[in-house]
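For clarity, chains are labelled A, B and C in written order, and residue numbers in each chain start from 1.
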Amino acid sequence: MANMDTTALEPQLPSSYDVTVFEEETRWVKVSGAIRRNVLLFAGSLLILAIVLFAVAGSLIIDEKRTEVGFAHAERETADGSIKEVVAPRLKPSGEFWFGTDQFARDIFAYVAYGTLGTLWMGLIAGIIGIGIGTLLGFIGGYFGGWLDAVIVVLSDALITIPGLMLLITISAYLDQLTVEQLGILIGVISWMGTTRVVRAQVLTLKNRAYVEVSKFNGQGDMEIVVSELIPNLAPFIAAAFVGAVAGAILLSIGLSALGLGPQNEPSLGLMAFWFIRFGAVPQGMWWWFGPPIVVIAIFIVGLFMVTAGLDQIANPRLRTSV
Amino acid sequence: MTTAQLDRSTHEVENEPLLRADSVSKTFVSGTFRKHYTRALDTVTLSVPESPPTITAIAGESGSGKTTLARTVLGLVEPTSGAVIYRGTNVADMSRAQHAEFRREVQVIFQDPFESYNPFYKVDHVLRTPIRRYNLASSKSEADDIVEEALRTVGLRPEETLGRHPHQLSGGQRQRVMVARAVMLKPKIIVADEPVSMVDASLRATILETLRAMNRDLGISILYITHDLTTAYQLAENIIVLYKGRVAESGSVDSVINDPTHPYTQLLVSSIPQPDPETQWGREQEARDEEDAEIAGCNFYDRCPLRMDECTVSDPPLYRTAANRITRCYRYAESPVHLAPDLRSVFAPVGSD
Amino acid sequence: MTIATAVHSPLVVKDLKVYYHTRRGPVKAVDGVSFELHRGERLGLVGESGSGKSTIALALMMAHKEPARIEGGSIILNGSNVLDDNSEQVRLRRLSEIAMVPQGALNSLNPVMRIRDQVIDGLKDHNVNMSDGEFANRVAELLESVGLHRDVASRFPHELSGGMKQRVSIAIAISMNPSVIVADEPTSALDVVVQKQVVQTLRDVQERIGAAAIMIGHDMGLMAQFASRIGIMYGGKIVEIGPVSHIFKNPKHPYTRLLISSLPDTRSKRRLEGIPGLPPSLLRPPPGCIFHTRCPDAMDICRQEIPPTREIDALRYAACHLYGDDDGKVVDL
């Protein structure tokens, strides 16, 4: 993600000129300037926001019953000529069922909305837990050093070599039934290592900065230095790592669920993939079944990528152009 | 050593100075498997008396150990051997309360006025935090007064300075805010590590004058770390010239700079680019190029224009060439060896020079 | 200035303007700078950060990069305007006509190439054809001319001290006998003892090959030791230029005067006086004289009109309203 489009960058000015360039800006100039400087972050956030809105609004408006097996009914002429309401799987999109119905007569539109929500919720849980553990260990290791740091480094280096999906497959094979929340926690617990490495490395470079030493002479204790001197400067890194962790967790959960090892009782995009693969949506030509989840996943991943890349511009000093 | 000198040394050791660095050495270790040792500081001793307040220059080029000495005195670097003693207590053994007092009373001005600021905050942060942490004010308005007064002391207008981000100030302004921060805490000692080397010439003078005023009017002792002998000469009373971690020469700044004895100091002084086209650099002495080979004996041997065979045998001791001068060079072997490790006995009392 | 002198001077810079284009408008880093470099002379351009001195160095080498652009003026090198050259012509003229000694703080040498190959590379790039033996001799000759042993040729940069590396840079700069040497802060980050050696080496080789040299820097002391003539830069302009002894003994521009009085030396202890105020914004420079915001002698006219450059005495030019027609005539440098 380091190779960014440099046209978005501000012209570089020799640092000696910065003294002479400062002037007060109006709020609007600041905001519009920030957007213009970081088109990627802005556009990516819009895409993700659209997906989140779709999931939240959809699940609030649509009756959850529509995601249940055998929900969709349609009037059919029976052999004796009478018209009867029957369960209606594999319906093409229509006014009543916007995205049609699947093999089990579930409303695909409703299922995608609820499934997206479930997947996002899972990703959020995993992201918060992963970032929480990762940041905490990164700060402890980087700032205090010593044997604790050695333990953290060895642990994270060892764990990072184990592929997450493999670990999850093994764990979920031993667990009967996972809920979405449990899967989120599980993924969070096994995916903090990257964050720990990034945060630790950053803390190591920041803690010897003159301003951290000045704060010691200002009477600030270690905790205060971490909270008020280091964390604000690491916020873009932590935000970028968080977005990355959520994205990673979602991809992992989709992979796991598509294999049929994820939560089975709650809708999720991965589970949807499992069903449409299992019941041959593609050979049957049921594009309205496999299409929507793939589109949602694609938009979401592209959005996350753009946000991460945009945050990278802020967080990565090499790409950063103005303070 | 003559009896008179001995008397003077023993007499002065009796009253404990405010701060004392006692034969401090620092060896940095790098590399995981093949350890590489760098001796940055080699048995350096110095002291800062409680009164009168002094300005002592610690001069040397990069690699001389001057910054390591500063950081050791500040308690940022733990010496490999020796000790830094403040008010009679080893800094390494201080209680929490003692250490807090030490941190407030021995203040710092770093070289880089850009790096000294957390880019996340306005410059106010670095001034208001110590007031809060050290309980210097009982109310918001009292805190405002302290900040504004400190800024005026260093020649800044509070209304032009406060509320701005560091990048909105010039390097000179930033460094003056750092001086204001130190003044505000009413410290006993300020360690100024190359405070003007990254500041433009026209603003340098103002900062140096502020340091001088702090010493004169507020009774703050200053350790002025520098590579620049001209500012050392203007500001300090006494000077310690370091070379590769060791004291090469020390004494009152006038005598050392006007009449350097150590070949290294002689080179330093003759290399000063005087801002006067009539005083051109002489060509009499030239430093040799540095050699990689480790030579036993004097650490300046490889570059010394006046080197002798005996210089490779063993490291020369400090010779006391005059009442207020010591130098580490065999050319002064007739002078008595300076045994008292403390440079206090070397430094002329303030004002008596 | 007449055409004749222009032809004889290896470098004539006329009304050079270099602006950095930023989101908030052009920063006028160099704003109408004119000077002439005489054959064999050493000119010092002194200024503080933001004065435009380093931008001039880059522009002279045509090494400025976006967002910096040359907005106007001319750089006449050996009689022809560099700004009219195409990039290949510029490349060929670098090193052979105008060569740069880079900043001491920059490691400009290639860390994975032996010194010999770095020197020879420059020559080969300029289509110098010699046998290997001749190249080796040339390298040895160049290294010895900067006071280095010929064995240095087979070493790598990391095996050399900072001062030795900088002397290698000087050797490379003179390898094609250029008529102009540009040295931008050549001793920044070097220790004072080494600084003296490097500057003296530069001076020696410059005299030997008869090139003219421009040294750019902030240290007035170094300029006093090196230059025969000094230009004082402030806010993208040369405010005063003249022979070094005149500038130090009798500065005409208030900025020069204050700058010199702020310099510490080791001859007498005295109160050090700084210059109050701050460097100007080059994005929105103050009207009138660029220095009026800090000038103790500022008058009403200084806030309104840009002072013209006058020839105050022989070879001495200053741009200041303190001087009128009686003091010197207005010149178009």
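Everything below uses one rule, namely that contacts are C-beta pairs under 8 Å (C-beta built on N, C-alpha and C of every residue); 3 or more make two chains touch, one makes a residue touch a chain.
It should be emphasised that the depicted structure is a prediction, and the values quoted were computed from it without experimental measurement.
Undergrad: So, comparing C-alpha centroids, which chain is the farthest one from chain B?
TA: A
Undergrad: Please find the two chains that have the most C-beta pairs touching each other.
TA: B-C
Undergrad: I'd like the Å distance between the centres of chain A and chain C, where a centre is the mean of that chain's Cα atoms.
TA: Result: the chain centres lie 54 Å from each other.
Undergrad: How many angstrom between the C-alpha centroids of chain C and chain B?
TA: 34
Undergrad: Chain B: which residues touch two or more other chains?
TA: If we look for residues of chain B contacting two or more partner chains, we find 170-171.
Undergrad: Residues of chain A that contact two or more other chains, please.
TA: 19, 22
Undergrad: Please output the residue numbers of chain C that touch at least 2 other chains, ranges allowed.
TA: 49, 278-279
Undergrad: List the residues on chain C that touch chain B in their complex, please.
TA: Touching chain B from chain C are residues 48-49, 148, 159, 161, 163-164, 189, 191-197, 199-200, 218-222, 224-225, 244-245, 248, 258-260, 262-267, 269-276, 278-279.
Undergrad: Going by the contact rule at the top, pick out the chain B residues touching chain C in the complex.
TA: Per the stated touch rule, the residues are 61-62, 155, 170-173, 200-209, 227-231, 233-234, 257-258, 267-281, 283, 286-287, 289-290, 292.
Undergrad: For chain B, which residues are in contact with chain A within the complex?
TA: 76, 100, 103-104, 107-108, 110-112, 115-121, 126, 129-130, 133-134, 165, 167-171, 178, 181
Undergrad: Once bound in the complex, which stretches of chain A touch chain B?
TA: Contacts found on chain A: 18-19, 22, 209-211, 213-220, 229, 232-233, 323.
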